[in-house]
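Below, subunit A partners subunit B and then partners subunit C, in two separate complexes.
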Partner chain A sequence: MSKLKLGLYWAASCGGCDMAVLEIGDRLLTLVEHADIVFWPCVADFKYKDVENYEDGFIDVCFFNGAIRNSEAVEIAELLRRKSKVMVAFGSCATKGGIPALTNLYQRQELLDRVYIECETVENPDKVYPQTSVKVPAGELTLPELHTTVRALNDVIPVDYYIPGCPPVADRIWDVILAIVGGELPPAGSIVGAGDKSVCDECPLEKRQIKITKFHRIHEIKPEPGWCLLEQGIVCMGPATRSGCGALCLQAGMPCRGCYGHIGDEEDQGAAMMGAIGSLIDAKDEEKAKEIIDSLIDPAGYFYRFGMSKSTLLRKRLLNTKVKRDVKLEVL
Partner chain B sequence: MNEKTEIIAEPDVKMVTFTIDGKEVTAPDRTFLIKVAREHNIEIPTLCYNEHLEPYGVCRMCIVEVTRNGRRRIVTACNYPVTEGIVVETRNERIINNRKLLLEMMMARHSEVEVIRNLAKEYGVDTIRFKEQPSEECILCGLCVRVCNDLVGAHALCFAQRGPERYVTTPYDVESDTCIGCGACYHVCPTNHIKMEQMDGLSVVYGDVSLGPDKPIHIDFMQAVPATPWIDQKSCIHFQTDGCGICSEVCPTDAIHYDMKDEIVEVEAGNIIVTSGFKGFDPSPMYQFGYGRLPQVMTSIEFEKLSNAGGSTGGKLLTPDGRTPEAVAIVHCIGSRDKNYNEYCSRICCMQSLKFSHLIREKTGAEVYQCYIDMRCFGKGYEEFYSRVLSEDVHFIRGKVSEVTDFSPDGLPEGKVLIKVEDTLLGIVREIPVDMVILSVGIEPQVGAQDLKQKLRISVSPDSFFLERHPKLAPVATATEGVFIAGCAQGPKDIPDTVAQANAAAAAVLQAIAQGEVMLEPITAEVMEEQCTGCETCLSVCPYEAITKDEEKGIAVINDALCKGCGTCVAACPSGAIKQWGFDREQIIAEIDAVLADIAV
Partner chain C sequence: MAELEVVEEKETGTAPTTGRFEPKIVAFLCTWCSYTGADLAGTARMEYPPNFIPIRVMCSGRVDPEFIFKAFRDGADGVAVCGCHPGDCHYISGNFKTMSRMPIVKRYLEQMGLEPERFRLEWISAAEGEKFQQVATEMTEQVRKLGPLNWNETVETQ
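Then we have the complex of A and B:
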């Protein structure tokens, strides 16, 4: 049997997912015994041309991390889909939009203004914005076009498996790799490298069935050790987040940020958590409930930190447009 | 205190046979003679005897002649224990002469006292050979002192001095707070020497609203069900001094036990009918009507008490200063149909006010002014009653009363108050002096209805009355299976409607009992075991208490029989581990997409 051919790619990504793959440590050596890496921009010097030259289906498994944020990501996603037998959305951004998708809370122009004009370290008196193409004496230079809406990988290409996590933890990545090598992958469409229950299932902290009277940000209070952070008023996404990480953050005394994504078929993780929060606050009347909820700063950031692209919200309403939801929102 | 108590022989007490006035009688050995005599309807006069107290033998009126072992002697019947074979004569010449002498002496000192005068008359004592003194009310029978010390245990009364100087007083002649105001001395005093005074100077009817006089042991009101008396421990003498105990002594069925405690009885029931009733609106915050400040102003419930034959005036309609009123105003819609208090119509007040008008006209002939917004006589025979009251010369003024006041620049007759009302039919503001103002107060949910709501997991409508499942199709059912409502708990209504609803609720319960089976909602929620982490979020949100935790598996479990498929737990479950049949995620998202299809995202 020939060696497995692996491809890895980063789209709108921080690079953390690539680091996570490296985090498997000396197991990498075992990996390369069984697999050849045929594309990994972060680590090895491959060109897009090389991939284009592969025949279709050449890559056995492709780990695709990062969200779909511009035309380049779409182009490469579609290319890799053609060249790969199995496409794996790797990490929170590829599976659900991740951190980049928080920009869906702004209009595209607001982002451009912020980055190229308003940013404190930028001096741009002529208000020059990046262009998709520009003519220079040497010819035409092009740049990918920035999309209005950040999407997950499966919004642009069919995806076979999903590995959630920001980043996925090394042990889970290794589990998946072993499954791939051993040919023991579950049915297509599955979420792999994660559990079925919530982070609470793995969390060492104790629940005392006490309702929340006020929300605190993590720097505002010193939580009592050993006691559920959510009950202490610190927004912890644990109850609405898939297990698999081993409650890493909680063990370090930090609340769960929700990177492993939704549980079950409740794909809107933020809505699930808000529904739960509503029933966890200690309020008998609307006024008190409002007072408590008002103490929760930046709910969108808390509840949709990783899942905006796959939420019912999806994005801030676009200005002056009237579109159907199922229209692709790449360049609007 | 003159009722006869049956002499019940203790099993180990010997019975003796003897003769009274030629009649052979049997009684337990050493019973006091007066008891036996009374048992056999033989009248022996007495002034200091009370069967609940130890005999005292001080008035000497109960003297009888007893022959024992051939020896005749005069003894006091109240403290003479009977023995075998004695012969008693209660009214022979010698005894009568002795009693006459006693009465003559008493008349010399207590000529104005009714009981003494009556006895003297009965015995034909007309000439008094002793030096007559100014009549004293107290005959020194000692009943008051003994009842206070021996029975009540308050020790607030005693005798002072001796001989002719003897008198009843408080210990050391000082006013003390030892007296608990029980009134026992006042009740036993045969000469009305001891009097009760109202400390607050207020007539009781205007102070509280219970229907009828309240003794510590009483039945709440004549129509109470069950008609069983109960003891108010706060005012009962026994619970204050450990004394008295008369009620348990006289109770023929031995039903009174002071050591009984309130207890919580748990009853397992398949159905509950909530009939928590209503409370009358408290008009105190409506300061313009002067309720609580002007004694002439009363609520409809207080008027009911005043007018009740069992009330403190015996059903006579009297003003606080004891006059028969000449003019009475009835003010409608107090706390009802009023955006500041309750917006709803309390439904009963119009008819109640008409009834009051009729009663006042019938009992006193006073002028009655009905100040109404509009008359709502909706029930069977109600409009006819309205017509009848219209023909009874009652004044109907369409308009809201703006003020009730005891001040008028022109001055008001003593005891009257002025009502100011705009007569919207005449288009003028009227000021009418009246003797009595009845505020026809609205109906509000009973105190504690909120607690009940939480306990039974039922809802209330915006007016705070319990909410029926459907106003037309399920008027006595609630959203919680097995819990029904009837009467004013559901909303203001009159007696016929309440009875009809109560019947309906009873029938609904009987229907469930007869069926023996419960029909389940098809749309219920179910916990996906493999996803549930047992975080218990759903337990606290379920309005029907249908969710419990399976401690063994560490997951939530939904009881199909209790689940109403409201979906609250589905929304609350952070793990998406609860599914609502018929409303799963895909269906809801499809709905949302359809709704949002035509608008920009």
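Then we have the complex of A and C:
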């Protein structure tokens, strides 16, 4: 039997997903016995040209991590889709936008201003913004175009499987690799390497059926060990987050941040969490409810920390949409 | 959520008859109080603008935040959630959940750049046809002033 050909790529990602693959440890040697890695820019010197030279469908399985936030990511995603038999969205960013998608709470121009003009460590008196192309004596140099909205992988190409997690847990990655090597993958479109219950089902902390009287940020109180953090007023995404991680954060005394994404069919994880948390608030009148909710800082950031690209509203309302749309036609 | 597709129509524009912008406002009405209240307004022949698109739900506690976001995404210019007064819920505690849930939704919507007037939570009992009339009139005027939301433009931009 010929060896399996594996490709790995990172788009808008921190590199943590690539580290997570390495975290399978010495099982990596077993993997290499069964598979050849034909593209992995994070750890070896592969060029886009190499991929272009492969014939279509050459790569058996492609693990794609990172969100889609510029034209380069779209281009490579489309290229890898052509060259791969099976495309796997790997990690929270590729499946649901992840941390990079939090920029959807800002306007594109705000972002550019902050990074290239206002940032304390930047000196840019001429207010030079990155350009998509520049003429130099040797010819024209080009850079990818930054998108207005960060999107998930399946918004630009068809995706066969989803492995959620920021990053996915090593044991779950190994389960998926074994399934691929053994040819035992579930029907296309499935979420693999995760459970179908909530993180609360795996959580070791005790639930005492007590309602929330005030929200606290994690540095503000010292929670009682062994007791549900949500009941103590620390926002924990457990009720609206898919199991699979083994409640790792909770075992370390930190609240769940929701990286494994939505449970069930409804993709809007934040809406599910707003629904859940609303029924846990200890208020008998509107003033009290408002007072408790005012102690909750940044609902959009908490509830959509990893799921903004798959939220129903997708992003903050665009200013001057008409102008932006003209720009889109011209540049992209 | 098939019933939400009513507001799918993309063009939110000027009505030929009135010559001004007619907002679409999706109103989730609980069947026991607010829907009956709206019914009372109708049977009593009270006049109110036709911009409220009523969706009857068994309880305001059944209104998942997702319904509200989907209404906005699919073209609503405003959303109202109406239920029984706190303490009067047919299911005892349903509207207490609404009472705690909707302020979170409201804050989230404001973070997403929506004006606060576009979302409203009201308690309307079965006897308050007049209150329904007043809420519908007031909210329609407020949203009319704000203009169309056109969330599809926000979503479709690259």
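Some points to look at:
Quick note on the criterion: the second predicted complex is superposed on the first by the 321 of 332 C-alpha atoms of A that agree within 3 Å, B and C clash if a C-alpha of one lies under 4 Å from a C-alpha of the other, contacts with A are read in each partner's own complex, and residues count from 1 in each chain.
Rule of thumb we're sticking to: contacts are C-beta pairs under 8 Å (C-beta built on N, C-alpha and C of every residue); 3 or more make two chains touch, one makes a residue touch a chain.
Remember, predicted model here, so these are calculated numbers, not experimental data.
After alignment on the shared subunit A, the placement of subunit B and subunit C results in a clash. Judged by the touch definition given at the top, the superposed model places A:T121 against neither subunit B nor subunit C. In the superposed pair of complexes, A:G270 makes contact with subunit C only, with no contact to subunit B.
In the overlay built on the shared chain, the residue A:S2 is in contact with neither subunit B nor subunit C.
When the two complexes are overlaid on their common chain A, residue A:L296 makes contact with subunit C while staying clear of subunit B.
When the two structures are aligned on the shared chain, A:P239 is found in touch with subunit B, with no touch to subunit C.
Contacts of A:H262 after superposition: subunit B is touched, whereas subunit C is not reached. In the superposition on chain A, A:L318 makes contact with both subunit B and subunit C. In the superposed model, A:G278 makes contact with both subunit B and subunit C. In the three-chain superposition model, subunit A touches both subunit B and subunit C at residues 266, 272, 275, 278-279, 312, 314-315, 317-318, 321, 324-325. Residue ranges on subunit A touching subunit C, taken from their complex, read 105, 147-149, 266, 268, 270-272, 274-275, 277-279, 281, 283-286, 289-290, 292-293, 296, 298-300, 303, 311-318, 321, 324-325, 328, 332. Interface residues of subunit A, counted against subunit B in their complex, comprise 196-198, 200-201, 207, 209, 211, 239-240, 262-267, 272-273, 275-276, 278-280, 312, 314-315, 317-318, 321-326, 329.
Those residues of subunit B lying in contact with subunit A across their complex are 528, 530-533, 535-538, 540-541, 568, 571-577, 584-586, 589, 592-593, 596-601. Note for the complex: subunit C touches subunit A at residues 61, 64-66, 69-70, 72-73, 86, 96-105, 107-108, 111-114, 149-151, 153-155, 157-158.
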